[in-house]
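Each of the next two complexes has chain A plus one more chain, namely chain B in the first and chain C in the second.
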Partner chain A sequence: MKKTSSKISGIAKILVIAAVLIIVPILSPNNYIQQIINLIGIYIILGTGINILTGYTGQLSLGQAAFFGIGAYTTALLNTRLGQQFFVCLIASILVTSFFGVVLAIPALKVKGPYLALLTQGFGEIVRIVMINWTPVTNGTAGILSIESPVIFGFAFDTLPKYYFLVVFFAILGLLYERSLINSRTGRAFIAIREDTDAAELTGINVTTYKIRAFVLSAVYCAVAGTLYAMMIQYVSPDTFISNTSSVILWTAIVGGFGTILGPIIGGIIMQVLPEILRFCGDWRLVVYGVILLIVILQCPGGLYPYLERFLRFLKSKVPANKSKSAAS
Partner chain B sequence: MLVQQILNGLTNGSLYALMAVGVTMVYKSLGMLNFAHGDVMMIGTFICLTLINVGGLNVLVAIPLAVVCSAALGFCLERLVLRRVEFSSFVNLLIATVGVSYVLRNGAMVLFGTNPQKFPSIFSTTPLDIFGFKITPQSIGTICVSLALIIALHFFFTKVKIGKCMELASSNPESATMMGINVSLMRFMTFGISAGLACCAGVLIAPYTYARADMSATIGLKAFAAAILGGIGNLWGALLGGLILGVVEALGATYISSAYRDAFSFIVLFIVLFVKPTGLLNRKIENKL
Partner chain C sequence: MADTILKVENLVSTYGPITALKGINLEVKEGEIVSLLGSNGAGKSTLMKSILGMVTIGEGSSIQYNHDGQMVELIGKKSHQIIPLGIAIVPEGRGVFINKSVEENLEVGTFFRKRPAARDKELLDTVYQTFPRLKERRKQLAGTLSGGEQQMLALGRAMMADPRLMMLDEPSMGLAPLMVAEVFNVIKNVREMGITVLLVEQNAKQALKIADRGYVLTTGEVTQTGTGKELLADESLVAAYLGAKK
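Showing the complex of A and B:
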C-alpha cells in the first residue's frame, strides 16, 4: 500500500516537473530569455560533467572549457565543411573529446591537488592557443560561422523554443545517467577515490582506470554540451572557450553543491541568471558577479544544495501537519 | 642567432623566475597555488602606470609606491579571503583564489580599460653591441634586478631573524608555534612579500608586453610552470625553472613556430608533471600511508 502511494507521488512529481518544463518555453517572452534558458540547460550538462570528475572523483579540473571547445569545434567543422547532421556531429565530437580526455588523464594520473588544477588549466590554454593559431582549420580568432541548426528525423530544431526541448532532453538524460552511475559500482569507486585514494587502492579498486573513466565521462558531457552550443549559437570562436569559462563551469557545480546530483541544476540557473539580474550594475556587472560568488563560496562551502534540501524537508514537514489538521477539523 | 635568442630567453626567464618565487613562497606556507598571483601582478602594474600618468610621479618614485600598494592588496587577500577558507576543503581554497582572480581581472578591465597601454621603461632601450650580440640595457637591467631581488630574498630567509621565522613557519608550522612564532602573522607577511614581488615583476614585464588587463593569465600560468619545473617551495628551483622556461620558449618561438610561443611553456609543464612531478631540485617524496 505504502509502496504504491510512494510510486504515485513519484509519478506525480515527474508529471509536475514535465509540465513545468513544457510550460517554460511558452512563458518565455522573447528569444533573448529563451536563449538564456537554453544556456542554463547547456551549463547544467557541463556542470554535471565536472561534478562527476571533481565532485565525485575528487579530480579538480580547470580545463573544462577546452573539452567544451573541442566538442563545439568538432561539430562546427563537420557541419560546415562536410555537411554532416546532428547525430554524426554528436558522436564524432564525443569520440574526439574522449580521446583528448584520455590524453589529459594520462599525465593527470600522476599528480593531484593544485598540480592537477594547473595541469588542466595548462591544457585549456594549449587548446585555446591552437584554436587561435591553427587558422586553416579553425579560422583563427574570427571563428566558424553559419553552422546549421539540427534536423532530427525530419523535424527541424530551427527556433530557440524548439531547440529548448533538445537541450532539456540531453540535460535530463545526462542527469539520469549521472544518478544511475553514482548508485552503481563505478560511482562507489569514484567516491572511494575521492575520500582516500590510497585506501581505495588497498581495497582493490583500480584507481588508474576509474580516474581515466571519470576524465572521459566528463569530457563526453562537455562534448554533448559543445555540440548543442555550436548548433544553437551557430557560431564558435576561441573567445568562448577561455579560462573564465572553465571557472564558470567549475562554479556551476560548486555553487550548487559538489557531489550532489541536483547541485548542477541550481548552479546552472544561478550562474546564468545572476549576470542578467546584475545588468543594472553596468560595466561592474562581472565584478559584482565574482564578488557574490566569492561570498557564496566563503559562507557556504558546501554549496547551496544543503539549504535547498533543508527547505524541502521543512516543506515536507509542514504538508502532513496541514493534512492532519484538516482531517481533525 | 642562437646566443641572441638565449639572451632574450634569459631576460624573460628571469621575470618568470621572479613571479615563480612569489608562487613558491605562498605555496610553501599555504599548501596551495595562488591562482590570483598573476592578477596581483597585473593590478600592481596598473597602479604604477596610474601613478605615473595621472599622478605625474617619476617612474622611480611610482614603482616603490606601487609595490607597497600591491603588498597591501596581498595582505587584504590573505585577511579577507584566504583566512576564511583555510580550514575548509582544499577545493574551496583553490576556488577562492580563482574567484579572486576573476574579480581582479574583470575589475581591472572596467577600471583601466581593455586596450594595451604603453609602459615606460626604467632602462634605455637602445641596443648595445657586446661581442657582436645586440643586447639592450633594458634586458640587462631586467636580469640584474630580478637576480638581485631573488638573492636578497635568499638572504632575508636565511640570515634575517624575521625571515628565518617565516621560513620555519611555512616549512613546519607546528614546531614554529611551539617556538613562540606567530604562524598566522608570518603567513600574512609571506603573502604581502609575494604580492610585492609580483608587482616588481609586473613593472619589469610591462615595458615588453604593454600593460594589459589580460596579461595576468598567461604570465601567471608560466610562473606556476616555472615554480613546478624547478621544484616547488625551493627558491633556487624557481630561478632555475624560470630561466629554463624562458630559454625553451625563446628557442621554440624561433625554430619551431612563433605563433605557438605561449604553448611551449605549458608543454614543458606537461612533460615535467609526467616525468618528475616533484621538479628538478626537489627530492622525491615517498607516499606514506
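Showing the complex of A and C:
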C-alpha cells in the first residue's frame, strides 16, 4: 500500500518536472532569456562533471574550461572543416577530451591540494594559449565562425527554444548517469578516495585507476557541454575558455553543494541568473556578484542543496499535519 | 613445523636519497604472532609499507608470500594487487573514514572483492560478535566514535577482508590503558581465528607478552630476534624501551 503510493507520488513528481521543463521555453519571452536558460543547462552538465571529480573524488580542478574548450573546438573544427554532423562531433569530442583527461590525470596523480590546483590551472592556461596561437587550426583569437546547428533524425534544432530540449536531454542524462555512478562500486571507491586516500589504498582500492577514471569522466561531461555550446552559439573563440570559466564551473558545483547529485542544478541556475539580475548595479555588478557568492559559501558551507533539502523536509512534515486537521474538521 | 607465510630477505627500502631499511631478514610462520619493535624512525612502518608495495625497494631484495601453498614474490606488485592475496593492514592512526557510518567502513574492507562473497555476511557477524560496541553503533558516523572504538573499527575492517595475514601498525597508540589491554586481547582472538599477525608496536612489553617471536629494529637493521619470552627477559632490551629497572 505504502509502496504503491510512494510509486504514484514518484510518477507525479516526474510529471510535474516534465511539465515545468516543457513550459519553460513557451514562457521565455525572448531569445536573450532563452539563451541564458540554455546556458544554465550547459553549466549543469559542466557542474556535474566537476562534481564527480572534485565533489565526489576530492580532486580539485581549476582547469575545467580547458576540457570544455577542447570539446567545443573539436566540434567546431569537425563541423566547419569536414562538415560532420552532431553525433560524429559529439563522439569525437568525447574521445579527444577523454584523451586529454588521461593526459592531465597522470601528473595529477602525483600531487594534491594546492599543487593539484596549480597544475590544473596551468593545464587550462596551456590549452587557452594553444587555442590563441595555433592559428592554422584554431584561427587564433578570431575564433571559428559559422558552426551549423544540429539536425538530428531530420529535426533541426535551429532556434534557441528548440535547442533547449537538446540541452535538457543531455543534462538529465548526465544527472541520471551521475546518480547511478555514485551508487555503484566506482562511486564508493571515489568517495573513499576523497575521504582518506591513504586508507582507501590500504583497503585495496586501486587509487590510480579510479582517479584517472574520475578525470576522464569529468572531461567527458565537459566534452558534451562543449559540443552543445559550440553548436548553440555557432562560434567558438579562446575568450570563452579562460580561467574565469573554470572558476564559474567550480563555483557552480560549490554553490549548489559539492558531493550532492542535484547541487549543480541549483549552482547552474544561480551562477547564470545572478549576474544578469544584477545588471541594474551597473559597474558594481561583479562586485555585488562576488560578495553574494562569498556570503553564500560562508553561510552555507556545504552548498545550497543540503539547506534546500532540509527546507523541503520541513515543509513535508507540515503538510500531512494539515491534511489530518482538515480531515478531522 | 608450520609453513612460512611471509619471508623477507635482504630488504632494502629507500625514500629518495635516504635508505630506511638496510637489508632486513624476517620470517613469519602460519598462525604466529610476530612483534616488530623499535623506536621512532627504526623502519617499522617502512617495512609494512614495503610489504604492501608502497615504497621504493632496492635490488636484490625479496618479499615472498605463501599464497595457497605457493611462494609469490610481492616486490613489483601494487597494494591493490597484494591485498587480495590475503594480506590486510590496520594502518597507523587507524585510517577510518570519519564521514561514513561504522557499517559502511566495514563494507569498505570487502571492496577489493569484485563481487560480494557469501562469506561477507558471516564475517560481519564475526566482527560484531568480537566488537559488540560496533554493532550498537553501526549506523553512527565513524568520526563520532572514541579513539579506542575507531581502533576496533579499523581492526574490524581488516577482519572483513578475510585475510590470512594481518599487519597492525601501532594499534595501541594514543589509547587509554584499559583500551590497550582490550586491543591486545582482540589481537589474540584474531590469531585464534587462524589469522597470522605481524604486529608493529612501541608498547614493547605488551607486544612481547602476546608474541610468539619478536624482531627488534634499530635504524633500519634487525639488531635482535628471539621468542617473546627471550626478548622480554633481555635486560638490555627492556632497559632500552622501558627504562632501566631501579
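Going forward, the second predicted complex is superposed on the first by the 329 of 329 C-alpha atoms of A that agree within 3 Å, B and C clash if a C-alpha of one lies under 4 Å from a C-alpha of the other, contacts with A are read in each partner's own complex, and residues count from 1 in each chain.
Quick note on the criterion: contacts are C-beta pairs under 8 Å (C-beta built on N, C-alpha and C of every residue); 3 or more make two chains touch, one makes a residue touch a chain.
Computed from a predicted structure; not experimentally measured.
Student: So in the superposed three-chain picture, is A:I205 touching just chain B, just chain C, both, or none of them (first/second/both/neither)?
Tutor: In the superposed model, A:I205 contacts chain C only, not chain B.
Student: So in the superposed three-chain picture, is A:V130 touching just chain B, just chain C, both, or none of them (first/second/both/neither)?
Tutor: first
Student: Given the touch rule stated above, what does A:A189 touch, chain B (first), chain C (second), both, or neither?
Tutor: second
Student: For A:S6 in the superposed arrangement: first (chain B), second (chain C), both or neither?
Tutor: Neither: A:S6 stays clear of chain B and chain C.
Student: With both structures placed on chain A, which of the two partners, chain B or chain C, ends up touching more residues of chain A?
Tutor: The partner that reaches more residues of chain A in the superposed model: B.
Student: What part of chain A is shared between its chain B contacts and its chain C contacts?
Tutor: 198
Student: Under the touch definition given earlier, write down the residues of chain C that touch chain A in their complex.
Tutor: By the definition above, chain C touches chain A via 52, 54, 78-80, 83-84, 89, 91, 95-100, 108-109, 111-112, 157, 161.
Student: Of all residues in chain A, which touch chain B in the complex?
Tutor: Of all residues in chain A, those touching chain B are 54, 60, 62, 106-107, 110-111, 113-115, 117-119, 121-123, 125-126, 129-130, 133, 198, 243-244, 247, 250-251, 254, 258, 283-284, 286-287, 289-291, 293-294, 297-298, 301.
Student: Spell out the residues on chain B that touch chain A in their complex, using ranges where they run on.
Tutor: So the residues of chain B in touch with chain A come to 27, 32-33, 35, 81, 84-85, 88-92, 94-96, 98-100, 102-103, 105-107, 109-110, 217-218, 221, 224-225, 228, 257, 259-260, 262-263, 266-267, 269-270, 273-274, 277, 287, 289.
Student: So in the complex, the part of chain A that touches chain C is made up of which residues?
Tutor: 185, 188-189, 191-192, 195-196, 198-208
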